[in-house]
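Two complexes follow with chain A in common, the first pairing it with chain B and the second with chain C.
The block that comes next holds the complex of A and B.
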């Protein structure tokens, strides 16, 4: 490891198959406090990089920064700007947020060592984009059955341990049976909603080259007061884009899917399908044949 | 793509004036977890029919009182029942 004495490290945004036009990169600010975006070459692969202050990207400083949601957002936006600039002219393999190397040489060496997998990934992603689809339980549906109303006066404190059945005048029993019914209704509704989300997923996979399911986001993150049932990404051929979006619109209009809310965004740089390490080909084969 | 930052971000606020509320929320979340576990277990036993009517009644009454008490405590600390939760990252949410 050759440490840099300039006080900067090399931040890697994305890998491309060819050099992006200079104007596309120079127009992008990248990470604050860093230099202009530039390119490096590792065999046939072009790296889009930026010199960033080493202090901001040391392990400890970075962990602390990314723990704060505003900092994380700023960092993610800067990263996305760099990736989007690299993607403006052709396929890219976007790198995970905060991929840094001590020097240009280290970055080039790391990519050179994986040149073949990177080239294969670039080939696989060419002419394809990612679409994000989220399915929530519909907010129009009653959020939860009413909780049992507090019934008439609580039983005169059941002092002795072994009191007969009359102690609560049946109030306790009826509470239990109402709670049991409520739980059953909730469970049934959840199961139905999950099955519907699965239907949506299956329908969409038919139009996609590959699909990835992410962990459902919390209500805090989505701002939607309903559980997220599906958080998926689909890799779609540009040629089938219209079909895919058509399928989404059809699903949204489907009367049988009224209990769920479908939302989508795209096209995106294929972040979810870009890990060169992943044996993506096999995942794709599995997803392609539902 | 990036939702606006929400006021409740699941962190414990160490501002001396508000730390008590943050702690109350955390403690009530744990109590609520236990209450839900007990209720779940009670309902399971109830549905299995392995309880005597007397046991059912006592259990139901206890759960009912606990539920009311939780509502009172939440009201005292200006919390909604929905606030009592923890995001456990990859494990999903606690409740």
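The block that comes next holds the complex of A and C.
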């Protein structure tokens, strides 16, 4: 039982439609310094929770801890594994990192107040998993900027120094036109790659019940020296999983999509689709969710 | 549900990659960090549990800072997140342009009416002028746009 007297607070990992097996929960440690993972009930909803040290989850401590990347990573992993354990037997609504209540009663009251919404979300997510798909501009095709045309031959006459201003202007103009041609080629290539990413997105949506887009990740983050054109998530019926993965493999092998690289990971707990009353998300380059 | 065992990656204690194969910490973070209205936030608002709401807001800000260092930069393209920064940048740019216009007008006036002989072309610059110049060099993103 959590209470501020015992110095613990109630950390929520996920909400389930039924109680996960005890072994699944006891197999994960949860957050360091906390108790074993356990369940609470709020009407028909089962909460997977853990007693965690209040000191670690006070505003100040949390802010300070999560501002250190290794601590953020440890915390994210602990959270993810708790959610994954809760998902080991059936649908879950995963909760965001650091969802903390002062007591079990508060947590139960909070979920009870939203029981219908939560049950609707559980129903929507049952038998479905999330697949993450990224599309990058192809690294193979990316380089090869058009080879610059040979520099306009310098006036070979010995009197070349005669009109430096004119020569400079001519060189400047041709430099500018070369630069703008290069930019045009680059832009065209990017436009084409973006269009291909949208093709991939459209193709995959045919196999998914929902799609969501995350912000494209930076090159620094991905380590890929090419822009990320699509960072999408698809909610796929387990029954269509093979079809979906088959479609991914087909897209990857498609000659017409050579200018892009497709990568994916999954199945994920449907993190990207757990928010209730979410407007139809638009996956696709540039189209950000509100 | 048979495949759900996939969730618990037995090697996850040693590898850096937390989720399914081929995923990264960034993939996980962009899924579990609080980025807006989420069910938990709603619950807390319903509860009027201000204390926790504050924690979440602070957590969000801390996460953004950490994420920024890790190279995650979704807030820069997130209209909700960057609108303030964009507004600030626009206002700043406006201000700068206005200053420059005023300076140009002064200069024109000065050239038109030689009789006044006001030192409008002086390169020392008025304090306001120098100020705008330094302002234009500030990148709005180098400062935390969330605060």
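In the analysis below, the second predicted complex is superposed on the first by the 249 of 290 C-alpha atoms of A that agree within 3 Å, B and C clash if a C-alpha of one lies under 4 Å from a C-alpha of the other, contacts with A are read in each partner's own complex, and residues count from 1 in each chain.
Everything below uses one rule, namely that a residue touches a chain if its C-beta (ideal position, glycine included) is under 8 Å from a C-beta of that chain, and two chains touch if they have at least 3 such contacts.
Predicted model only: the values in this text are computed from it and were never measured.
Peer 1: Applying the touch criterion given at the start, work out whether A:85 contacts chain B, chain C, both or neither, answering first, second, both or neither.
Peer 2: So A:85 only meets chain C here.
Peer 1: Once the structures are superposed on A, label A:199 by its partner contacts, choosing first (chain B), second (chain C), both or neither.
Peer 2: After superposition on chain A, A:199 lies in contact with neither partner.
Peer 1: Considering only the touch criterion stated at the top, classify A:173 as touching first (chain B), second (chain C), both, or neither.
Peer 2: Only chain B is touched by A:173; chain C is not.
Peer 1: With both complexes overlaid on chain A, does A:265 touch chain B (first), chain C (second), both or neither?
Peer 2: A:265 contacts both chain B and chain C.
Peer 1: Which partner does A:73 contact after superposing on A: first (chain B), second (chain C), both, neither?
Peer 2: both
Peer 1: If we overlay the two complexes on their shared chain A, which of chain B and chain C does A:183 touch? Say first, second, both or neither.
Peer 2: In the superposition, A:183 contacts chain B only.
Peer 1: Can A:218 be said to touch chain B (first), chain C (second), both, or neither?
Peer 2: Both partners.
Peer 1: Who wins on chain A residues touched, chain B or chain C?
Peer 2: Partner touching more chain A residues in the overlay: C.
Peer 1: Can you pull the chain A residues that chain B and chain C both touch?
Peer 2: Comparing the two interfaces on chain A, one with chain B and one with chain C, the shared residues are 69, 73, 76-77, 215-216, 218, 220-222, 265.
Peer 1: Please output the residues of chain A touching chain B within their complex, sorted ascending.
Peer 2: 69-70, 73, 76-77, 147-148, 150-151, 154-155, 158, 163-165, 167-168, 170-177, 179-180, 183, 215-216, 218, 220-223, 265
Peer 1: Using the touch rule from the top, collect the residues of chain C that touch chain A in their complex.
Peer 2: Listed in rising order, the residues of chain C that touch chain A are 1, 3-8, 12, 18-34, 37-44, 46-47, 49, 51-52, 54-56, 58-59, 61-63, 65-66, 69-74, 77-80.
Peer 1: Given the complex with chain C, which residues does chain A contribute to the contact?
Peer 2: Those residues of chain A that touch chain C are 12, 27-28, 57-59, 62-64, 66-69, 72-73, 76-77, 79-81, 83-85, 87-90, 93-102, 106, 109-111, 113-114, 117-118, 121, 127, 129, 132, 214-218, 220-222, 233, 238, 241, 263-269, 271-272, 274-276, 288, 290.
Peer 1: Quick check on the complex: what are the chain B residues that touch chain A?
Peer 2: 1-6, 8-10, 39-40, 42-43, 46-47, 52-54, 56-65, 67-68, 87, 90, 92-93
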